[in-house]
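Pasting the structures in now, so scroll down.
Below, subunit A partners subunit B and then partners subunit C, in two separate complexes.
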Partner chain A sequence: MKLLRGLQYQLFLLPILFFYTIFTIYPLIKSFFFSLTNFNGYSKEYDFVGLANYLKIFKDTAIMSGISYTLLFAISTTVLTTLLAIVLALVLDRNFYTRNIHRAIFFFPSIPSGLILAYVWGFILSPIASGVLNSVLHDLFGMGPQPWLSEPFLAKLSTILVAVWAGAGWHAVLYLAFLQGISKDYYEAAAIDGATRFQQIRSITLPLLAPAMTISVMLLLTGGLKVFEIPFALTKGGPGFETHTITQVIVLRGISEVQFGLASAMSIVFFLIVLALTYFQVTVMQRREEKML
Partner chain B sequence: MRKTSYMLLVAMMAVTLLLSACGGSGNNGNGNQTGAADGEGTASEQKVKLSLLSWNNETEMKPVIDGFTKKYPNITIDFQTAPPVKDYIAKLQTMLLSNSATDVFIMAAENRNELIDGGYALDLTDQPFMSQMTDASKGMFTRDGKTYAFSQAGWVGGIYYNKDLFAKVGVTEEPKTWQEFIDLCLKLKEAGIVPLYDNAGDISTIQGALVASMTLSNDPEYDAKLFTGEKTFADGWSEPLKLWKEGLVDNGIIDSGMIGLTGDQIVNEFAVGNVAMIQGGPWNIPAIEKANPELQFSMMAVPGVEPGQEFYAGAPNVGFAVNSKSKNQDAALKFVEYLSTPEGLELFEKGTGQIITVAGYESKVHPALEKAYKEGLLAGKFYLPMVSWPRHQEALRNQMVVSVQDLLVGKGSPEDVTKALDQKLKEMESK
Partner chain C sequence: MTESARKSWLLDILMLPVGLVTFFPFYLIIVNTLKSPVETAANPMSLPTKLNFDTYARVFKEIPLAQSFGNSLVITIVSVLLMVLIGAMAAYPIVFNPGKLNRVIMGYLLAGFLIPFQTTLIPLFELMTDFRLIDKLYGLIFIYMGGAVFVFFLMMGYMKTIPKELPEAAIIDGCTVGGIFWRIIFPLLKPITVTAIIYQTMWVWNDFLAPMLFLNSSDNATLVLQVYKAKGEFAVDWPLFMTLTVIVLIPIFIFFILMQKQIVKGIVGGAVKG
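Up next, the complex of A and B:
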């Protein structure tokens, strides 16, 4: 009887499971299959090559550089966006006259596609003297043109900052929703006990925001690892391989260089990295949530 | 609870297996399809729906499609498009692998090898309309004496220069040698004018032209030898790259700032007179004239070391190919044939603005391109590595872009570039 009841509920999962299987599980299994072959993406004749593709990955300078840039990008955008989003959420939660307009303005960058945002930023960060930022810096401080997108360090910095700018507002709204769920009673009690505003934020707001942080950080981390649009539209991965993301290297090897088997092996390794990182992050942060409550 | 989860897992596996089975049977179906095509081919007056995939968009292809359907009222065209280059290639690739490719598609330098090797394109060698195609155009689409696509147009690229900015430093003639070209750049720089933007997002036209004049002029078979292992990139590219670096980079004429510039920005800077020279092709003209209709500009060749050794960039346009598994091969061939008629050529030129290279048809080119068209395209003085390399164009192009960017930010030497290319070629050949 108990079994039947369980089955009853799980039946509701079937439709979504069906589509999930077709669009996620099946391609994943097929990718794993291709990663063991020398399939080139065109010819229907291919051979099994065992783990040869996996061994190649670790000798490939492009993929190694892709992994290190992607990790740098994912971690720094996660940290910076989280810091900014929480502060922003606290500000937007206060009562002031243009509150709604401000919320809308900060939310706006998450509406258009990352490609369009980055295209516009491309003009702002243009390395030539007539680039928007360079001409502003020249007029204000008399600085010469800076290679915002073409010097290895500046290119990495620029792509990360644009991504933080684009994502902070959206995550601030997420924190804002949780902020509004915190009962006013806590603050009143704290005020009676003589706690300052800063003490209230530290001891009430931040601990109660922990569940929001788990979600937000997970979204930022997985989004950061899977990133493609913003760095690609800003720098096309240059200079050299400096700002190539893992996803871009997979497309490069798979589509442009018709090494579908190798690219599939990269996707599988990439899948495992993302899986391990998010599993680790969610477990650690959930434990932290429990500790804080 | 646990048991039901198990059942769900089993259901999931079952769906997966079912999908794999579908994929398999799709492949087996092929043989029957081609058999049917032969039988149906003869009935030409039947209503036919011909599908076409192109990387020219609908506006560009409309004149020629309208002309065709007017001539053959029984044929309607199902037109599909994807923008060049990667989107188009990926779309066609997906269609071919799932047996849903269009009857006619275009063959580009970037996917010709895969299309020919996979047997996806019909051999067009003996079709009467192929005699219209120039030999320079045929090369790109020919393998072992058989030609697989019809190309009626071509393009030529070089260095666009701003006549007014040249006049400002007292120059009225195009430089004839590399040294004159460098001197001109330095003169412009001294006068506070940005002399040149090369392209760091693709293989540079200037580098390609230098390779043509320094290496290929002495050894026309160099690219073929490169792929048989007789020659290396170090043999043919080192000297041109050194000359390019010493002339342009070491003199501070171009710097790493080039890397962050997009094509649109470069063209715009040229149109408003912020830079005296840029590399480009016919496709830049509409944008230049839109941004600044008053601009006095023209295209010159990349000068060689000695006078008379100048070269342009250029290539035949993409070719139209017929799907070897198409059920509508008759109609498809009629379409390609129509493209080769004077009417088809005129409508194609009108729609796409491409320069027609078919013998006996003179294209009306923009005045700025007049010299490049006559002395470059028609005289065969043009070179594009991507077209000349028989294999692995995309892999080598990507490697070249990455290595040249490293060179620009000071992370490598011309020798490092050729070394990386030789290594990439070896890797691609051995896979």
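Up next, the complex of A and C:
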């Protein structure tokens, strides 16, 4: 009777185990397997090549450029979005007349698809003199047209800033929820002791936001490493390979050029990068949480 | 906060330019949908001199929007509901029938969090080709089922707060294991179900990478994919492209207005659990 009931419980696991095993675990194992072969997707004959594909990664300019840009993107969007989101959350927590309108305005960019938002920014950042940003800068400061999306440094900067614009409001709302959970008693006690507003923020608010920060930074970092849409829509990965993301390189080498072995090695390396960075970030920040409390 | 009772105009004035800059892209696309291409090219930022709805008519003629909207809707609704269902089902034995085996299964499922979609992409592409699932709406829905792991995680956290006595009492009353789940447990999961639905809806509705790789005919395109295709075709026709963007943003804007409270609560609920 008890055994039968146990079995009835276990039946509820079957659907998820079926889909997850076929569409996540099996491809993961196969990715690892492909990465050790010279399989090209067409011919059923292939050889084991050991770690040759992994060594090829370092000689492939597109891949190396993809790794360095993706790391730059993930780290700078994480830092900038976090700074902006905390400041925004502190402001939006205060009482002012247009607070709700501002909350909605900042939050809205995180609702639509990044691809669509980036296309809209593509129009604003158009490199021609009559482009929106270029004409604004010309009218205000007499600046000449800037190639916002076609010069390596500017293209990197533009893609990063558009991503920050799209994500800051969402993360501000996350911080805001934690801010509202902080008891007013702390501030009142601090005010009685003569702490200034700035001191209150530094010694009460920021330490108590530490758990929110661990989550927000983890989401930003993993999201940043997996980025695809925004740079793809703004620059198509160019100029050259300057703003190619790891995802775009995997699609390019794997799906478009059917170099399954090389692209699989790349995707396994990507897996390890995500794993290592997330583990490192969460451990460091949790230790910081403990120290602050 | 201590001073929060006092409203001041200072923050309103300080925030005004910041808010305007943030909102600017949306202003820009809306005004340009109402202009002629000549007017857009001459002065993209100005308000239209006279309202011109021709572009809207043109977009509906050039692009099969109703069909793409339907595709997005079917893909999103079916995959989100399935994810919620199988995620909640999976959490049930893990929480209410604990044991060594189920601890292992839990670890196996949670490992899914750490596996980026990109890492499984190439074998998935081969798998989808072999099973002839490319360019099929249900093929894409299968792909999204991997996301059920996140729902499972949310559901498991929430289910742990349900008292164990509840199903035990029901068993004594002669309720079956299945009956307990469908009649008692599942209805209790409503708050976390809302969170899960919001997260997964925003992900699936907005996703671009998977539809780009696994749907190729225009008949099966999602709204986001249709925008991508239009960018290639009508790249220089900015008013047409922006009108398309505005139309595509309308459903998600309505979703935002209607669900604003739940979205915010959902994000926080998911993040606190995560």
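We take it that the second predicted complex is superposed on the first by the 266 of 293 C-alpha atoms of A that agree within 3 Å, B and C clash if a C-alpha of one lies under 4 Å from a C-alpha of the other, contacts with A are read in each partner's own complex, and residues count from 1 in each chain.
Operating definition for what follows: a residue touches a chain if its C-beta (ideal position, glycine included) is under 8 Å from a C-beta of that chain, and two chains touch if they have at least 3 such contacts.
Quantities reported herein were computed from a predicted structural model and do not represent experimental measurements.
Q: Should A:L252 be classified as contacting the first partner (subunit B), the second (subunit C), both, or neither?
A: Only subunit B; A:L252 stays clear of subunit C.
Q: After lining up the shared chain so the two structures overlap, which partner does A:S43 touch, if you call subunit B first and subunit C second: first, second, both or neither?
A: first
Q: Examine A:K291 and indicate which partner it touches, taking first as subunit B and second as subunit C; both and neither are also allowed.
A: The answer is neither, since A:K291 touches no partner chain.
Q: Would you sort A:L17 into first (subunit B), second (subunit C), both or neither based on which partner it touches?
A: A:L17: touches subunit B and subunit C.
Q: Under the stated touch criterion, which partner chain does A:Y26 make contact with: subunit B (first), subunit C (second), both, or neither?
A: both
Q: If we overlay the two complexes on their shared chain A, which of subunit B and subunit C does A:P127 touch? Say first, second, both or neither.
A: first
Q: Among the partners subunit B and subunit C, which is in contact with a greater number of residues of subunit A?
A: Touching more of subunit A: C.
Q: What residues on subunit A does subunit C touch that subunit B touches too?
A: Comparing the two interfaces on subunit A, one with subunit B and one with subunit C, the shared residues are 6, 10, 13, 17, 22, 25-26, 30, 41, 123, 130, 251, 255.
Q: With touch defined as at the start, can you tell me which subunit C residues reach subunit A in the complex?
A: Touch list, subunit C to subunit A: 1-12, 15-16, 19, 22-26, 28-29, 41, 44-45, 85-87, 89-90, 92-94, 96-97, 105, 108-109, 112, 114-127, 142-143, 145-146, 148-149, 152, 171, 176-178, 181, 202, 205-209, 213, 224, 227-228, 231, 238, 241-242, 245, 248-249, 252-253, 255-256, 260, 263-264, 267-268, 271-272, 274.
Q: Show me the residue ranges of subunit B that touch subunit A in the complex, using the header's touch definition.
A: For this pair, the touching residues of subunit B are 1, 3-5, 7-8, 11-12, 15-16, 19-20, 27, 86, 89-90, 93, 96-97, 114-115, 117-118, 194, 200-201, 255-262, 265, 269, 274, 392, 394-395, 398, 401-403, 405-406, 408-409, 411, 428, 431.
Q: Going by the contact rule at the top, pick out the subunit A residues touching subunit B in the complex.
A: Subunit A residues touching subunit B: 3, 6-7, 10, 13-14, 17-18, 21-22, 25-26, 29-30, 38, 40-44, 62, 122-123, 125-130, 145, 147-152, 155, 234-236, 238-241, 251-252, 255-259, 262.
Q: Give every residue of subunit A touching subunit C within the complex, in rising order.
A: Residue positions touching the partner: 5-6, 8-10, 12-13, 15-17, 19-20, 22-28, 30-31, 34, 41, 91, 93-99, 101-102, 104-109, 111-117, 119-121, 123-124, 130, 132, 135-136, 165, 169-170, 173-174, 177, 184, 187-188, 191, 197, 212, 215-216, 219, 222, 225-226, 228-229, 233, 246-247, 250-251, 254-255, 260, 263-264, 267-268, 270-271, 274-275, 278.
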